[in-house]
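Structures are listed in the sections that come next.
You will see two complexes here that share subunit A, one where it goes with subunit B and one where it goes with subunit C.
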Partner chain A sequence: MKQFLQIALGILSAIGGFVDIGDLVFNTQAGATFGFQLLWVVVVGVVGIIVYSEMCGRVAAISKRPVFDLVRERAGFGAGLGTLIASEVVNLMTCAAEVGGVAIVLQLLSGLPYRFLIGLGVVGIVVVSWVLPFEWLERLFGYVGLCLLVFAVAAVKVGPSWGQVAHGFVPGMHTGSHLVFLYFVVGLLGAALTPYEVYFYSSGAVEDAWGREDLRINKITSVIGYGLGAFLSFSLMILAAVLFLPRGINPQFLGTPALGAQDALGKIGLLLALVGILFAVGGAAIETSFSGAYNLAQFFGWQWGKRERPGGAPRFALTWIVIFALALAIVMTGYDPVKLTEYSVIFSVVALPLTFLPILLVANDPAYMGDSRNGRASNVLGVLYFVLILAISISAIPLLLLTNGGQG
Partner chain B sequence: MPPLQVLVSVTFVEEGPRPPTEAPTAAMLIAGRPGRLAAALAAVLLLAGCGGQGMLSKKALSQEAKGVQSLASEGTLLADDAARGRSTSTFTRIHARFLEQAARSSRAKLARGQTPKGRRLAQLAARVNSDLERLSRSGSDHATQRRLQQDLAQAADAISKLGKSL
Partner chain C sequence: MSSPGRELDLGLGLLDHQLVDRDGRNCGKVDDLELTAVPGGEPEVASILVGGAAWRGRGMLGRLAAALSGSAVRIPWSEVEDVSSVVTLKQPAQQLRLGRGDDRAARLVRRLPGS
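Take a look at the complex of A and B:
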């Protein structure tokens, strides 16, 4: 039971990374556009994030230092500041999108006016974040977010051809536009390897006071947490491939995945999907706002942490509240939250390499890690995935433009 | 998103976020507000130079057809679930309204169509728009929802055929 509760950090990090507002729609679009053909990409992405999360959890457990601390030290002040700015913009835009997502789901559940629900959603999340200790935030949003498993049940219920599903795990492309396919490949990999996931995960490991004795739980947490995130991605894609692809539906709305669960399982499916989305998106809002506060505090050497009372880390507490306030202002303009996440891709391009390289370097440094430094397998995988991250960074924006955002 | 829409997009929608439109252009993504204004002005000049003929290119028309067909099909699925009592009236009302707003946006774009096929597509978009609007107001009237499901399915089929002939 204790171990079950301990893996909440991984589950919340993964839900924020794999099934936040943008990913819910993007995974559904991937299935509705290419059927099962992109399932293998999720496998590639999840192995990458497991490798790097395990590394940064290990670094946090052994050296007690979270990722952004290392970014500044290893990248230097100038490059570190560039990474900080880019990652703060990504965090803010993503947080705004998640806040908008919370309001949309509340509207789909209650029918109340959107703008009222934006305010209500933000106040609710801020109060919960203020009142609950870190481990209960992880548990509440991580475990209730698991209502999203309804998509797995729905995916089975709609009766896909399992042979074709299995074929989707073999890399290759069989139909459709090559450029659009590549756009989805890069998008799915980018979604799996978002910078704020590792900021949150490593800071969370410090918050949870991990030490050398927690290295095993770190491995379990990263594998199970991100594995669950990937499983949810598969489910969304399979459901969309069966329900939406044959009908020519191009999902653009947060309610569309929930419509899939409803069509397969009726009202109970709809309600579980909406509750799951609400907590997943709400959890992602907390994850991004906290990541923003962690980064700033760690970069400038402030006191930080949810474990500290707000009076003990006032600048940290003020930062995450300001991020929520700015997110509220952005989403109040009425801009489509799903589209907001697309813009954050541009800033992720800067933040991605400078986030992952310091993790790889420090995890391999005996001065920090002693006998817990990377083994050969971790290094090989780490280097391979770093090359992949560079490729994503270089190709993301050109593909976004060339394919008209995946529209062809 | 075409540059002109960047200017239009500062309007607010009371009942929800604005419906999704096409992806952002390079100008919109990379430039700030001055860049957007310049891009918008360039687009206005370009459109003026076209003399109003073929305001929507064949590719744009084809994409709009796909978009409206998608909305009609999604509306069909929603109406079918609602008619079978497998949805909540709130979800049907709000999600149908999101679809309806997107259909309205497509309808406005298609109104610029000059060719017979473009005009036919605009008529179908108007029909989808109207059906979705009625679906959002259908409450728990399963008979109406069943009729709308059939009508939306027919419209989706007609748009699909028309889209292939473009």
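Take a look at the complex of A and C:
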């Protein structure tokens, strides 16, 4: 039981971080467009986030330094500030998309007007984040978000051809437009490897005061947490492949995957799916706004942390509130949160290399890490993924433009 | 300094590192260093510069950021207690004129309930 509670950070990272609005959108659209053919991309993405999360969790446990301290120390002021600005833009866009997602789900549940629910949703999340201690935020959003497991049940219930599903785990290019296929590969990797996941995970590890004795829990947390996220991504894609692809449904709405759960499991399926999405997306809104505050405070050396009462880390507290306020303003313009999600995922891919390189460098630095520095496996995977990330960060925006956002 | 004789790379081991005051409070970064020439010897670190104008020497974005903010605070090297992955100072931040932004923000935040 203690272990179960200890991995709460991993569960929240999985539910609010891995399966956020970006994954709900991209996995469902990928399944509805290419069937099972992109399942292998989720595997590639999840191994990458496990490798880098384990690394930054280990760095946090041993050196007590969170990711943006490392960015500043390794990249210096100028390049660090550039990384900070890029990451803050992406955090804000993502936070706005998640806030829009919260309002959409609340609207599906209540039928009240959308703009009213944006305001209600933001005020609700800000109050909860202000009042609840860090570990209760982890537990509330992580564990209630587990309602998303309904998608796994639904995916089994709709009876996919398991042979074809297995075939989807073999990498390859199959039918359809190659450029659109590549756009989805980049989008799925971007949705799996979002930078705010590592900002939040490493700062959370410092907040939870991890030390050398927590290295094992760090490994377990990153593997189980993100493994669970990947499992949910598979479920979403399989469900969309079975239900939406044959009927030619192009899921343009956040509620579409929930309809898939309803189709398979009836009203209770719909309800569980909506509650799961609400808490996953709400948790992600908190993660992105906190990540924005963590990064700014760590770059300039302010007091930071949710462990402190807001008065003990005042600029940190003001920063995450301001990020929520800006996100509210963006969504209030009425811009479609699903479109916003696609852009935020693609732009986040561009900010990734500058986030991952300092982690990789410091995880190899004996001055920080002593005998806990990267082993051969972590380095081989770390370098491979860094090269992959560079490649997708260069191709992300051209693909977005060439495919008209995956529409072909 | 807790480990005399240990070699410290100023670029990697000191510049841009976290400053922590006597009470464990984060109070800025090592934004720049002032060195003094020692006749016939290696230059020595005279002081740490924190905030605002200290960013001027830190690249194009640094110059821009410096132009938009106030003056720097100078911390004499004699105020440094220890250098590990963070730089620990001998006094509370307030006495060194550090962490003033947090102090100002605290006056605002402490008016809110539950803070």
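In this section, the second predicted complex is superposed on the first by the 402 of 408 C-alpha atoms of A that agree within 3 Å, B and C clash if a C-alpha of one lies under 4 Å from a C-alpha of the other, contacts with A are read in each partner's own complex, and residues count from 1 in each chain.
As a convention for this text, contacts are C-beta pairs under 8 Å (C-beta built on N, C-alpha and C of every residue); 3 or more make two chains touch, one makes a residue touch a chain.
Quantities reported herein were computed from a predicted structural model and do not represent experimental measurements.
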Classify the contacts of A:Tyr335 with the two partner chains as first (subunit B alone), second (subunit C alone), both, or neither. first
First (subunit B), second (subunit C), both or neither: which does A:Ile238 touch? neither
Touched partner set for A:Leu318, first subunit B, second subunit C, both or neither: second
Is A:Val41 touching the first partner subunit B, the second partner subunit C, both, or neither of them? neither
State whether A:Gly301 touches subunit B only (first), subunit C only (second), both chains, or neither. second
Which partner, subunit B or subunit C, is in contact with more residues of subunit A? B
Pick one for A:Ser110: touches subunit B only (first), subunit C only (second), both, or neither. first
Looking at the overlay, does A:Ile397 come into contact with subunit B only (first), subunit C only (second), both, or neither? first
Once the shared chain is lined up, is A:Trp130 touching subunit B (first), subunit C (second), both, or neither of them? second
Touch list for subunit B against partner subunit A, complex: 9-26, 29-30, 63, 66-67, 69-70, 73-74, 76-78, 80-81, 86-88, 90-91, 93-95, 98-99, 102, 156, 160
For the complex, give me every residue of subunit A touching subunit B. 100, 104, 107-111, 113-115, 243, 247-253, 255-256, 258-259, 262-263, 266-267, 270-271, 274, 331, 333-339, 342-343, 346, 397, 400-401, 403-408
Please give the residue numbers of subunit A that touch subunit C in the complex, ascending. 63-65, 69, 72-74, 76-82, 130-131, 297, 299-304, 309-311, 313-315, 317-318, 367-368
In the complex, subunit C touches subunit A at residues 12-13, 15-19, 25-29, 31, 50, 55, 58-62, 65, 85, 99, 101-102, 105-106, 108-110, 112, 114-115
